[in-house]
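Got a structure for you, written out below as structure tokens; questions coming shortly.
Order as written gives the chain letters A, B, C and D; numbering starts at 1 within each chain.
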Amino acid sequence: MLSHETQIRVRYADTDQMGFVYYGKYAEYLEVGRTDMVRSIGVPYTEVEAKGILMPVSEMYIKFKVPAHYDELLTIQTSVASLPRASFNFDYIVTKENGQVVLEGQVKLAFVDKEKMRPVRVPGFILEAIEAAMKHASET
Amino acid sequence: MLSHETQIRVRYADTDQMGFVYYGKYAEYLEVGRTDMVRSIGVPYTEVEAKGILMPVSEMYIKFKVPAHYDELLTIQTSVASLPRASFNFDYIVTKENGQVVLEGQVKLAFVDKEKMRPVRVPGFILEAIEAAMKHASET
Amino acid sequence: MLSHETQIRVRYADTDQMGFVYYGKYAEYLEVGRTDMVRSIGVPYTEVEAKGILMPVSEMYIKFKVPAHYDELLTIQTSVASLPRASFNFDYIVTKENGQVVLEGQVKLAFVDKEKMRPVRVPGFILEAIEAAMKHASET
Amino acid sequence: MLSHETQIRVRYADTDQMGFVYYGKYAEYLEVGRTDMVRSIGVPYTEVEAKGILMPVSEMYIKFKVPAHYDELLTIQTSVASLPRASFNFDYIVTKENGQVVLEGQVKLAFVDKEKMRPVRVPGFILEAIEAAMKHASET
């Protein structure tokens, strides 16, 4: 399993009049989490698009536990439990500095050929990078 | 069952560099859908908060089918299948003018006492409005 | 002079923890105002891009007068005082239902050749549509 | 003069279908710039609100120079040239890693008494923190 942590500080823009982070904003936080993860294993998303592959979100599930507030520093823990096939599945836990769990969630991305705008299976260069990272993770 | 339709035109701000509506933006569209629904049954959300009740989102699930694009006119169909108890559950289907289904989803809201910041069961005035609307819907 | 009015209802997503519309959100409202205006004179922005022209914002000024709140219905008044040359200038006044002025602002758009990513002068088909609309406005 | 630098990496959510950062998103970047600055001089904005003062934006001006793109690392340079009186003025320059200037701008904040929802002059504890920081900056 691959796991990666990213920290995000809540912006004023992210809050709503309840004084909580607006629920739709977490989609951005989760994006940052998986972007940082794939960059860390050597597959920056800019390179993926440069190779003609888009990775739109096909499914999202979030269970909100406690609200996050302005200026809090959140840790986005992004995990990949299995090799991608038709889709690339990310599991998330977002926590506060005091350890409170803000949310748990899953996001699935599809692989789409940019020219044909058709779903494709995971491209080889992505699969290889993940296999290598998983091998490395299991050895350390 | 209660059902309500709202139309939303995709803004440029909503798109991302794939040329699709960014997945996190749909949370706003779904918010507009349920806001319009509860307004239509006589319980505008401003009134709910004025009575000391907050309704934060506790759970969200979205299955994305086809991407929506700039300037498309989307129909947000919001349905309530059962009376709220500890949570208020909304079912969604978002479609394009040509009938294509953009997404299907569910959003659950909690009821929170604003003073005590504690979850509460559905307040009477909300339950009654929904019961009345369901009764009216079943008669017509 | 051309003038156009659009109405926008404030979403919960637009508010921040002050209970006001977040200042950055108004950029979206102003976008909707000018989009509706250019659509009304027969030059929908989708068509502009289809003809190879992008219109990025080159300058924005907003003077905020009174805060707008959740669920308020705002009127975006978009005006064009002069024919576009190198840039396309929009003047804005946003008001509440009670007539209070929320903001006054200006936004300038550039014209950019999509292929060459170079600024260009106003394309003929846009200039003609505006001239025709101004002529029509002055006659009525 | 006080000056502070913050770095922000462009999120996918921030882009639009031109492939540029959406113009309204920069308001968030500028917010982060001034939040970091006031935190650095010992006046975190959470503390300001805790003392009953809101600081809504009263004026914003941005001149966009070159577009920013997905995944670019931007430097937000936030400067304060004079002591706040009725308003608190921030000057901005946003640059790319290669030195290109993305935008120049100014944002003015008002001071508002949270209870009375009335504009007030700069509170003493803010003024003193800025004076101390300016003194310190001029000595180093």
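Simple rule for what comes next: a contact is a pair of C-beta atoms (placed from the backbone, for glycine too) under 8 Å apart; a residue touches a chain by one contact, two chains touch by 3 or more.
What you are looking at is a predicted structure, and each value in this text was computed from that prediction instead of being measured.
Taking the definition of touch as given, a chain qualifies here only if it contacts subunit B and subunit C alike; those chains are A, D.
Using mean Cα coordinates as chain centres, the one most removed from subunit A is C. Of the two interfaces, B-D and A-B, the higher number of touching C-beta pairs belongs to A-B.
Of all residue numbers used where subunit C meets subunit D, over half belong to both copies. The two sides are thus made of the same residues. As a whole-number value, the distance joining the C-alpha centres of subunit A and subunit D reads 28 Å. Each chain gets one centre point, the mean of its Cα atoms, and the points for subunit A and subunit B are 25 Å apart. Taking the mean of the C-alpha atoms as each chain's centre, subunit B and subunit D sit 34 Å apart.
Multi-chain contact residues, meaning those touching two or more other chains, occur in subunit B at positions 12-13, 18, 22, 24, 27-28, 31, 70. Against subunit B, the residues of subunit C that register as touching in their complex are 11-13, 27-28, 31-32, 35, 44-46, 70-71.
Residues of subunit B touching subunit D in their complex: 12-13, 15-19, 22, 24, 69-70.
On subunit B, the positions that touch subunit A within their shared complex are 18, 20, 22-28, 31, 54, 56-64, 67.
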